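Below, subunit A partners subunit B and then partners subunit C, in two separate complexes.
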Partner chain A sequence: MLNVSCTQTELYEAVQTVSHGVSGRSTQPVQNNIYLESTADQLRLVATDLEFISLEAVINASVVDQGAVTVPARLLTDVVGSVGASEISLRANDNSMLTVEAGRSSFLIRGMSAADFEMLPPMEDALEFELTQRDLHSILSQIVFATSRDETRPILTGALFNISPGGLEVVATDTYRLALRRMTAEIPIDEPTSAIISERALNEILRILEPESEEPVRVSLTDSQVSCVVGNVTVGSRLIEGQFPNYEKVLPDSSDRRVTVDREGLTDSLRRMLIVAREDANRIVLRGSDGELTITADSQDVGHAEEQIPATLEGEEPEIAFNARYLLDALQAITQEQVVLELSQPLAPGTLKPLDSDDYLYVIMPMQIM
Partner chain B sequence: MTRWPPGERIILHVDFDAFFASVEQQRNPQLRGRPVIVGGQSQRGVVSAASYEARSYGVHSAMPMWEARRRCPHAAFLPVDGQAYAEASRRAREILAQFTPRMDPASIDEAYLDVTGSLRLFGGLDNLIARIKGDIRQQLGITISIGVAPNRLVAKIASDWNKPDGITIVHPDELPERLFDLPVDDIPGVGDVTKQKLARMGVHTLGQLAKIPKTLLERHFGSHGGYLWRASRGQDDAPVPWYDPGEDSRKQISREETLAEDTRDLEVLEQRLLALCEEVGWRLRRAGQRARTVTLKVKLSNFKLFTRSETLEEPTELDEVIFERASKLLRRVKFGAQQARLIGVGVSNLSDGAGAGQLSLFDDSRERRSELARARDAIADRFGKSAITRARLVHEQEVSDEDPENDALDEDPLQRL
Partner chain C sequence: MGSIQILSEQMANRIAAGEVVERPASVVKELVENSLDAGASRVEVTLEAGGRRLIRVVDDGCGMDAEDAALSVQRFATSKIAHPDDLARIETMGFRGEALPSIASVSQMRITTRPHDAVEGTMLTIEGGEITEARTTGCPPGTTIEVANLFFNTPARRKFLRTTATERGHCTDWIGWLALARPDVAMKVAHDGTVLLACPGRGDLRNTVAEIYGSNVARQMLPVEMDTGAVRITGLVSRPELTRSSRKHQVFIVNGRYVRSMALGHALAEAYGILLPSGKHPLCVLHVEAPPELVDPNVHPTKIEVRFSNQAEMHNLTQQAVEEALERAGIRPQRPTRPKMAPDAAGRWEGPDAATQMRARRLRVNPFADAVDDRDVGVEVHGEEPVVDAVFRDAGSRAEGLEFVTEDRLEALGQLAATYIVCRAGEDLLVVDQHRAAERVIADRLAGQRGQVRRQMLVLPITLELTDAERAVVEQYREQLDQLGFQIEPFGGADFIVRSVPASLTGGAVEDALRAIVEDLAESGTSEGPEASEKLLATVACHAAIKAGQALTDREVHELIEALNASPTPAVCPHGDPIIVTIPRGDLDRKFRR
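On to the complex of A and B.
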């Protein structure tokens, strides 16, 4: 039977982290629980909705006896959070009751048998590679927002990872805009492969990554599952099955007008234009001439907004309407100071990318100018 | 920090300082350090928020705008930008939720956090507060004032004592005495009426209130009396609930109308329903959103209310899809001997869709109907809503049925798609 003690701090952090994996809507009540298991010298915590997300944390513990039990996630979080002592002991009995003792407090929590708790199947013959936390954070933060929220098209609620020996290409689209990020990496495979990973799992990974950390993330991938190990936490997910739309055919192959602007300047300006634009589906119009980009927003209900920012224009003078929020999403994800908008016809897609870098592309479909 | 007695909760009330004005100052650097007054711009407008610079001129929220203009004519006067504040508030909630799962965004500019469990994780109360303030300042550029107490009530009162950018800690040992000098209307929920009633009993401060027997308060104020009694002692057991980030998707858009005369004629009802569905669809598309749940509401002559909801296979922003579902629900209403006096339709379970006129990168079967709806919106925007309508609604605009030119309109163009 499970019988361990550990520090309140580590346990609380672990419980908080994995409780995100509980869907709360599972038809099997046991899946709304956190699975606790004592191994030789550690305590392992798992929560999963069996579909998009499986979260596992391992913490140091002094183990008196090995065993496993499951208890309601929220109840455990509240109990562990409420106690004042720095050491906590957990002890399960044959009836899946968990005794939590800390200092002079003691709780007896009604749990459920660990035998009924389902987990994602173990991954066999997985492709494994490493990225730094910083690199993976950089990739995910530049594409996750472009995934679709439309659950009727499940494919688009995930991002496509194209993996080849030389590196990664990650693509997400909600059909109105498409974000693409490339990164070189050494990946031990001979043939390219691909996987579609759900936005839920990606956001969960993003949440635990340290943006500046050089520590490694271990990625494992099979035909049906992915997992990422970050420190003592493992995020797992089933892959989304199906055919990702042929995104390459919508990447614009030519542009006859280029606008180079200061990223922060454009960002600030778009935020101001949104005051008016948001009354009309966030539509803003960009017009370029004489070394300036003019941004306007019009709404029948509220009025008109207009602003000029300095720009380097090449080719024909552009005139095109976009959803300002879509532009802002990408501008906030880019770190370089200068960005380039490559445009062609008013109803053809435009491309936003950092100046002097081909690692990141953001293709955005215009709106009709009204 | 002195030790917190075990068993006492540690509740934070986080109050965003002059929130609307701070958001405006944050997004427009030129407003920083200057008096900013946000509020209704009409003749009868009132101040929604005043920056601290404006407050030093005696401007405060709920003051009539003309009065604010008189006191601080050189301030920047800005209209209320609800969406920007809601967005900033949402981002603040996300930050705060990282410190504890028990977080309650009580309104757009305040939140309660139960950090009893998180304290050790963040290295004690002082470090935790420093992190919260630092994260909010860095990521949103606004300051917050925090009240710390063993419960929500006292935390809320305390956050007001040291503003802006302040911290006030009320230790459990200081209760209830620390509250005794406060006027009774410092208790949330004590307004002018209660205040005056208490004044007639000779009660002006919480200390005086705490001396009144509970039974006497209950006799005068009913169940509110028990609350007053506990509040005067700084007692409050209300828990801070778990934060539910999905709350936003439970918003809804709805329209209803009271019929000119009661009726159970399905044709009349459907015609009104169609007009309401168009209005709702238009507002959905305007907001760039799609809805998955359609709700029909019918009030009968005897004021009995029928509401029925149904969830769609996929989210929609199209009038006809909303109408199709709502009219199906209408047929299920059991009128009995009654007639309908009010009919309404609502959509909820909202998700982001594309705005009107947004083109798609990929071919989309839905696209053509969406385009038609958007094209209609565009015409309505330009020429007014009466410029384009469905054949079924035409006779509302008093077009003669005999007019041969209207024959072409008899068929709903959407039916042909």
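On to the complex of A and C.
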């Protein structure tokens, strides 16, 4: 029977991380629990909805006896979070009751048998490679927001990872905009392969990555599953099956109007325009002339807003309407100081990218100017 | 086929009587079924003016001699059953001897027919049921039946017919179902000179599905294959990502007959379980072959329903067959411990007690929850008017007398049962139906933008593969859909391409909403005038709105109620149903005897 003690801080952090794996929607009650297992010298915590998310954390513990039990995620989080003591001991009995003792407090939590708890199947013959936390964070933060929330098109709720020996190309689209990020990396394969990973898993990974860390993330991939090991946490997920739409043909190959602007300047201006634009489907109009970009928002109910920012214009003078939120999403994900908007006809897609970089491409569809 | 005998009085009474002919589609169905019963290997249907002016069905089946041809238009004349016991094991589509006489009595009919071994054929002209001319004629073997000017002598019923496009759509729906039932028979339909459907009859179900629903759909279907010896369940079911918001594209064929079946539909849904988003239904074409004595097709006047004498077992077998199909495709985790069910010597099924199994499952999905929403019930070809229409027509009258009294703004307190939003206004308690409130908000937004549409262009245009009936409504409503923000263009063949959607709908499942809108319009039929655009607005709002049963975040709850506060008509949804139920403070006081 499980019988361990560990520090409150480590346990609380692990419980909080792992409890994101509980969907609360599972039809098997035991899947709404966190699985706790004491191994030789560690405590392992797992929660999974068996589909999009499996979260596993391993922490140091002094193990008195090995065993496993499952307990409701919410309850465990509240109990572990509420106790003040620095050491916590956990003890399960034959009836899947878990005793939690910390300082002078003691809780008896009604759990369920660990035997019924299901986990994602082990991954066999997986492709494995490493990226730094910083690189993976940079990739994910630039594309995840462009995935679709529309569950009726499951494929678009994930991002496509095209993996080749020389690196990664990651694409996400909700059909209104498309984000594409490339990164060179050494990947031990001969043939390119691809995988569609759900937004839920990606956001979970993003949450535990440290943006500036040079520590490695170990990625494992099979035909049906992916997992990422970040420190003591493993995020796993089933891949989304199906054919990602052919996005290459929508990447604009030419533009006759280029606008180069300061990223922060444009971001601030768009935020101000949104005050009016949000009453009108977030629609803003961009017009360029004489070294300036004029941004306007109009709403029948609210009124009018307008602002000019300096810009470098090349080619014809642009006039185009966008959803300001879609623009802001990408502007916030770009780190470079200057960005370029490549435009053509008012109803043709526009492209936003950092100046002097081909790593990131954001295709955004206009709204109609009328 | 044997020669025709008049059914005895006794037997005639045992056969459910009823109206057979409601509209052109019912004629098409009966005639094509007769052709199939006659062993035809090809059937060609020609329609004019939605079948109102002409329906011609040509087959290469066994044909009739002069005597049988004359008998065929007499009531209760059938070659298909001769003895009361035959009723217990019907293997043909027809068995009542009622279709031809019924059709003949309300149309101008001509039958041209020749058995394969006869040298000459027979031609009968029938006018309102009376044979006005009978003569021999030269003709190819097989039977041609022409039905002209349906309801020419019953103006009241003629008035009930809908637009050409709608009637045409119902006809092609039926031919599609019959083609799916008999992929081995070549079927072709032409309307006013255009070929709408041409199934080659090579016996390949996937081919037939491609012809009717488009090749994209066909590609995403998984094979079902189960054989217990007594019962065989075969066909195709969609991958879980291919769904529709109505059950119209669930085709069940029981012993060769297209039927509606609550039990089979439920079994299908159970097999997918949580793989399906709520409110979504998979597509299927499932052939169920069971010993005829277990299947009673004679429970509905138009033979559209069947009853299984072992309903629970059929349910479980169907569910199992579909589950296995999903498992084989790796979509559902394999369940190794599944009890295999097979009939014992007495034809009964072993395995876990069916009733217990169903009870256990019901705890998780209310099997008939969807049936409550009558907008979702497919329009029966033979039924009365489409339900949807009745809803719209009554809307005006129901909305009268409904007034939203309170002067105060609604203040949201929280969501109840994922369906209602509980609010306070002044001292009163108000309960808001979240779906209807969302419909109102969207309809306002769309209507407000009529002069000034906000379109969001799409990176990946949506391709719509439509059935014939759906194509007809898209053509009819194209301009109005465009004014709402849906820019839809023909894209060769049956396909349309959607280049933009209303900007105010981009937060939700737009593609799906659009499909549901098209299906809905196709089922309710086309209409004209200003009514049509109101109806369109209501339909769009309905499908784009959040549904009942959808959990909302606090923020979503507040946004919805704020938007409702801003509406000029917050009390009535676009269909005319009330949005808010008010429980006045006074009522509460009384209840607490204060």
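Following the convention adopted for this analysis, the second predicted complex is superposed on the first by the 370 of 370 C-alpha atoms of A that agree within 3 Å, B and C clash if a C-alpha of one lies under 4 Å from a C-alpha of the other, contacts with A are read in each partner's own complex, and residues count from 1 in each chain.
In the analysis below, a residue touches a chain if its C-beta (ideal position, glycine included) is under 8 Å from a C-beta of that chain, and two chains touch if they have at least 3 such contacts.
Small disclaimer: the values here were computed from a predicted structure and weren't measured.
If you put the two complexes together on subunit A, you find that subunit B and subunit C bump into each other.
Legend: residue contacts after superposition of the two complexes on their common chain; A:F107 is shown touching neither subunit B nor subunit C. In the superposition on chain A, A:F129 makes contact with neither subunit B nor subunit C. Number of subunit A residues touched is higher for B, counting subunit B against subunit C. When the two structures are aligned on the shared chain, A:P349 is found in touch with subunit B and with subunit C. Once chain A of one complex is fitted onto chain A of the other, the partner contacts of A:Y176 extend to both subunit B and subunit C.
Of the two partner chains placed by superposition, only subunit B is touched by A:G84; subunit C is not. In the superposition on chain A, contact of A:S224 is made with subunit C only, not with subunit B.
Judged by the touch definition given at the top, the superposed model places A:P366 against both subunit B and subunit C. Looking at the shared chain after the overlay, A:T27 reaches subunit C, while subunit B stays out of its contact range.
In the overlay built on the shared chain, the residue A:I155 is in contact with subunit C alone; subunit B does not reach it. When the two complexes are superposed on chain A, the residues of subunit A that touch both subunit B and subunit C are 149-150, 152, 173, 175-178, 245, 250, 280-283, 300, 323, 347, 349, 363, 365-368, 370. Residues 6-7, 27-28, 81, 83-84, 100-102, 116-118, 120-121, 242, 285-286, 288, 290, 313-315, 351-352, 354-362, 364, 378, 381-382 of subunit B are the ones touching subunit A in the complex. Residues of subunit A touching subunit C in their complex: 25, 27, 50, 149-155, 173, 175-178, 224, 241-242, 245, 247, 250, 280-283, 300, 323, 347, 349, 363, 365-368, 370. Partner subunit B is touched in their complex by these residues of subunit A: 8-9, 12-13, 16, 19, 74, 77-78, 80-82, 84, 86, 103, 105, 149-150, 152, 173, 175-178, 245, 250, 268, 271-272, 274-275, 278-283, 300, 321, 323, 347, 349, 363, 365-368, 370.
Taken together, the subunit C residues at the contact with subunit A in this complex read 239-241, 243, 273-274, 277, 280, 330-331, 333, 364, 448, 452-460, 462, 500, 503-504, 506-512.
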